[in-house]
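Next come two complexes built around chain A: one with chain B, the other with chain C.
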Partner chain A sequence: MLSYTLKRLIQGLITVWFIATATFLAMHAVPGDPLSGAKAMTPEIRQNLEEKYGLDKPMSEQYLIYMGNLARGDLGISFTQKNREVNDIIREHFPVSATLGIMAVVFAGLGGTLFGALTALYRNKWPDTVIMIVVILGISVPSFVFAAFAQLAMVKINGAIGFSLLPVAGWGSVSHIIMPALVLGLGTMAYLTRLMRSSMLEIISSDYIRTANAKGLPPTRIFLKHEMRNAVMPVVTVLGPAIAAITTGSFVVELVFAIPGLGRYFVQAVQQLDYTVIMGTTVFFGAFLVLMVILVDLLYGFIDPRVRVS
Partner chain B sequence: MADQQVSASILSDPALQLGAFEPMKSELRVQTLTRPSLSYWQDAWQRLKANKRAILSLYIIIAMLLFTLLGPMVWRVDPAEQDLLQVSSAPGAERSAIIVAPYSAWGILEAPKSADMQSNQAPAHSDTLAPSEAANITGLQLAETATTQQVRLEWQSMAGAADFAVYRNLVKPTGPGTFGLPLGTTGSGEVRRYEDLLDLRPGRFFYSVVAMDTTGGELPQSITLQVKVVNAITLEEAADRQLIKPGETRELGSQVNFALHPMGTDYLGRDMLARLMQGARVSLFIGIAAPVLFVLFGIVYGSVAGFIGGRADQLMMRFADFVVALPFLLFMILFKIAFGIGPGESGIIPLIVAMVILLWPATARLVRGQILQVREEAYVNAARLLGAKTGYLVLRHMIPNTMGVILVTLTFAIPSAIFTEAFLSFIGMGVAAPTASWGSMSNDGIKSMLTHPHELFFPALMISITVLAFNLLGDGLRDALDAKMRSRE
Partner chain C sequence: MTALSMASGSTALKAGVDAESRTITVSIDTEPPQLDGSMTADSISAFVLGHVMEGLLRKDENNQLVAGVADRWDITESGATFWIRKDAFWSDGKPVTAHDFVFAWRKVVDPASASEYANIMSPILNADKINSGKIPVATLGVQAVGDRELRVQFVKPVPYFDQLMAFNIFYPIREDFFNSTNGRYASSADTLLYNGPFKMTKWVHGAHIRMEKNPLYWDRDIVEVSAIDIPYFTTDPSARINLFRDRQIALTPIAQENLEEAQLLGWNIKSFVDGTVYYIEFNHRDGRITKNRNFRKALQYALNSKIEVNKVIKIPGYRPGKSLFPIWLDGANDKLRKEYPAIEFIHDQAKAREYLEAAKKELGLKTIPPIMLLSGDSPLSNKVAEYYQDTLKRQLGLEVRIDSQIFKQRLAKMLAGDFDIVMTGWGPDYADPLTFGDLFMAGNVNNRGNYSSAAYDRQVRIAQNSTDPVIRAAAFGMLQQIIFDDAVILPEYERAQLYTVDPKITGVVRRVIGADPDFTYVKFAEE
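== the complex of A and B ==
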């Protein structure tokens, strides 16, 4: 187990290095540099600035310097925001994105498992039909459309009841999280529901469930210990990639709901070609995702003992 | 041939005479095939045809393609042309307009015709009354027909009000504070008329006039008038916009019809239907071209890796794992910008290139897995024993037998590519500005969602229907093509 974890961590480190290198190359392939966006400057000033930020050095040297700093955990200073360290930007804005993302994953995971199990148990009855219609909607409607209509609906609801049930946009309190998290998690929830449904249907018709029923075990016990625990496996497997999709996909929702998350910073940084912020956010996100996938894989080992053996 | 030789040699055997045999009266009927045998694809097609949802989805997709390919031939409106007479007009909005004379000033600053107006209002009392009582407003009316060119209001009041404030609202005011949009003040208690020129639209409006005291505070006296504003156009402009025939003259006050926009117009007055058709072309082109390209690349990469095997396979798959680990949307944005968009370009090609670079590994993995599986099948071994070359094996056995899975992957990749394009265009990182795509139209529409919901609704509906159709078709194809992946329903 330990050696497996170690092996996965080393693989993860190599992946992060690959991400950093790919980002570096892609970023430097963009025409222009961070200084070209600023107001006109004399060649002398430009030269001084280039020296200050190390842009005058050849690219290979810049790459080595950056990698050295990255290894020490120093992501550098933003080009566009005076003397603001990228580490500080991430420290300030990542918790916002992470809170939103985790809430959305929790919502998607719980909702997907529960609804998936329900549809399988009430197969071809009305709960199945209703939930599957919602699922089809969740898969087919883009999240920004949901976000817009959720806002619109909340404006009407708040107007109709005369006080603010949920805030329409912004960040700061618990009530601010609910709507964006629901909207963000809906697509993933729909996907997980489908997955859970087909997995549950397979389990229900398996021999050991018949045996359990024949033994006269109480139905709730069969449901929780035999059916759910086995059916939830595929859901756990895709949870890692799902977290990835949700956290990196969150900036659309962040934009609509005016949430000060990291995603918005990234879009801004790309527009201004702020090298250090682009590198910092991408590497950080990449490392976060790699870590999540490893954690989910380890978690999988705890839920399913067969994986640990092999 | 062999049978004939055998039977010939038997017949030539003298020991066996023909008469020694009797034809067997068979009681068992020989099993015959009563129906033509079906190939894999024929079978799959029959299964798909039986799936009503999938066939309906197929029709929807064909309709979408016809909409974008043939639509512009039927609906010949330039999607870039701005109809400034109808900006953000909803579908089914009032199109008729009356022809009016060119705008001329109302002479708002000249002294009011106070002599006759005030004479019948008995101004003698005004000195004795408190201002709040004296400033009663009566007789608010239109000085002339209210049009989108101007709304001219006039009213009567006894002296006492120092000023009048004029408001406009979409709903009927219920008291102070609900008068709506403040348009301005008349500037003097003597001026009892007001001309509204501010962003006029056809429809029903409520104009309120509120008396004000010398300090600028509002007095309780107010009056409200419901006004129906109609479209107006000058003769010259109507001729310019080809709403009337060249050379034709119409009298003032006669009616013309504005250009027809079945789905309304957007915030720049561009025809929504024409833009949806153009947007469909962009969205569907990206949505289909990108998946086809990355699936093709994935097939080549995956089958090469699967076929070579060994260390090279390990290395190739490791590389695919790295690409999967890249944060997708972040890299999508980065790559797209790195490929650059020149002035006047739509930015479609960089979008497709970025998608291909980032999305091929999933297909490559899948194809490799399939190839590894098929490689061990008996028929492949048989073909190899018969001396088939590698290229033949891949083309004749490997790829056709993995085709079903690949087709299903492709069908599911299309809606997610349409989604990706919509997301990127929505955050302003997709296609460049003059080009319309459903995503960029949604982005434009969301800004005026509260006042003109149709600008968001139509593109969002198009995205949703198309994505839904491809998803349902994908489900149907999976059920029809792949017995192992068949969803249990």
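== the complex of A and C ==
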């Protein structure tokens, strides 16, 4: 087990190095200039700036310097947020995205499992139809539409009742999380509902459920102990990558609800060619995803001994 | 919940205008990129800095220059002297002195600081030589005579020097405080020292800024607002509209897509011409069809900025472009555009065709090859670009290819001269026509189309070197004429911003240059 873990970690490091190198090359290949603004600079000012950011050195040297700093955990200083280290940006904004993301995943996981099971139990009856309409909406409508819609609905509700039931935007208290978390988790919830539904349907018609029924077990016991427990396995499998995807931030939801998460920095950095922030956030997201995948693989070994590699 | 407390402290559910605590809550687009005044000229940073800092002069509620840290000043052709007022204090209680300006200005031109705006100091003796690393910073033509007198030496007369004194690049920085921050100056609320009407008491990056009235500010009696709270950072137009509807913010910009909604809600919609001029710039480089004057004239007579603004853009407040010089600029005794009105002419398809035929003859072409139109990627840019494409096809039979690019790529292509015509614009650096006038001088780094004309350059030099307002206004009038005659550019529009303010407050000042919007002079309406 230890040697397997070690092997996976070394593979993970190589993957992260590859991500860093590929991003570095791709970033420099993009046309445009990280130092340019709406107003041009004199050659002297440009030269001073290039020296400051080390852009006057050949690309190979810039690469080696960057990799050296990266190995020491120093991601450099942002080109656009001129007094902030990329490490600080990640440290301050990732927890925000992660908090929101975890809430969204909890909502998606609980909702998906519950609604999926319900639709299977009441197949082709009205609860199934109603939930499946919501599911199809959740899968097909993009999150920015939901975000704008939810916000407008909140304005109307607050206006109608005369006080702020939930804030329209902003960050800082539990009440600020509820709406964006629902919006962010809706897509995943819809997906999980469908997954849970088909998995549940398969199990309901299996032999051992028929046996349990024949034995005369109470329906709630069959539902909780035999049906749910077995049907939820595919949901757990998908949840790992979903956590990594959601917790790293959503540009749209963070923008609409004015949430200071990392997702916005990531997208804006690419638009503004902020080299150090692009590198820092990509490497960080890459490493996070790699770590999540390794964790899920190791967890499989614990859950199902057949998967374990000796 | 640690992430919650880290991110924002708390955004309690407060009103946008709280008359009781004299607090107003507003939103901004993004985190200020840089609050070291000597290093930045972006509008978000200027908004924050304009509230918490003060230069030698400042702009009042009528956008007039008035005394700031200096209570007296004297500007001549060879230099300037400023006398620092006795009651100007830093937020830690120490007096603001002439040395603080010397330190800050030297820092701007020091090549090691790599300030992007160092060239705005060019008129000061030795500034350029210091910035290119040729001579030491101590040789900059600015001296403190005791604590209360600041003397500046010019390389040449600077007719707009007083205007620069309100600009954040010229704000003071105190040396001992700067050194005590160990290279982290202006990176947080407590690594900045304030001398303006407000001081920043909270700065959670990307999330929350709070500015409170500065009790040590010399002119504190004009300030009625006790705190400006900024817990929302977003560029999303609908989010801001919704926050305003929920009465969480005191002011919201209104984007075109929200205009109808705002009208339905019965808001008092105001329009503010923000000082930026947009125009079509031609590529005047050799080998480009747009180098041909007759070709440019053909486009000038075909494209009508009035139709563009009224039928295509359709945002109230936008003014059809008639000149490189926007309406708000001052001339000698009145507005420049009153003294030298923009050239009026009638758009004429027949005349446009005549010019086009003449161009074809001169170029020896039977048909004009497709024209590359470089544009931005915003919905507005796309709409306008399509209007040009359609108009030029219908009126002149020209094929226009739209090259829509994101901001950085458009800049790169403009710099490389990779276009025939480009939709671009210019926002002023200081309140003087020269900030627009010198744009198309040969060698100006912002002259993206490489226009070059001895007659144009001569007029720019007159405006640069004279301190006589009448002579200067006449030079700008000449530039305006040359731009029309030679079709150097085609003015498109002067941009406006629509916004609405909570009726519970008055006195929000909008500014073309500096802190915009400025909440310093806000008064609370009596209930």
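Definition applied: the second predicted complex is superposed on the first by the 275 of 310 C-alpha atoms of A that agree within 3 Å, B and C clash if a C-alpha of one lies under 4 Å from a C-alpha of the other, contacts with A are read in each partner's own complex, and residues count from 1 in each chain.
Heads up, the rule we're going with is that a residue touches a chain if its C-beta (ideal position, glycine included) is under 8 Å from a C-beta of that chain, and two chains touch if they have at least 3 such contacts.
What you see is a predicted model; the values in this text were computed from it and never measured.
In the superposed model, A:T237 makes contact with neither chain B nor chain C. In the superposition on chain A, A:S140 makes contact with chain B only, not with chain C. Contact with chain C, but none with chain B, is seen for A:Q272 once the two complexes are overlaid on the shared chain.
Applying the stated contact rule after C-alpha superposition, one finds that A:P31 touches each of chain B and chain C.
In the superposed pair of complexes, A:A148 makes contact with chain B and with chain C alike.
By the touch criterion stated above, A:V174 is placed in contact with chain C alone, chain B being left untouched. Using the contact criterion defined above for the overlaid structures, shared-chain residue A:Q62 touches neither chain B nor chain C, since it reaches no partner. In the superposed model, A:E202 makes contact with chain B only, not with chain C.
By the touch criterion defined above, A:V256 reaches both chain B and chain C. Contact comparison for chain A: of chain B and chain C, C touches the greater number of residues. Taken together, the two structures place residues 31, 148, 151-152, 155, 255-256 of chain A in contact with chain B in one case and with chain C in the other. Against chain A, the residues of chain B that register as touching in their complex are 321-322, 325-331, 333-335, 337-338, 340, 415, 419, 422-423, 426-429, 439, 442, 446, 449-450, 453, 456, 460, 463-465, 467-468, 471-472, 487-488.
Residues 14-15, 18-19, 22-23, 26-27, 29-31, 136-137, 139-142, 144-145, 148, 151-152, 155, 198, 201-202, 244-245, 248-249, 251-252, 255-256, 266-267, 270, 278, 281-282, 285-286, 289-290, 293 of chain A are the ones touching chain B in the complex. Across the interface of their complex, chain A is touched by residues 1-13, 27, 30-31, 33-36, 39-40, 111-116, 118-119, 128, 131-132, 184-187, 204-208, 231-236, 238-239, 242-243, 245-246, 248, 406-409, 411-413, 415, 427, 429, 445-446, 448 of chain C.
Put simply, chain A touches chain C in their complex at residues 31-34, 36-45, 48-49, 51-52, 80-84, 88-89, 92-93, 95-96, 98-99, 148, 151-152, 154-155, 158-159, 164, 167-177, 255-258, 260, 264-265, 268, 271-273.
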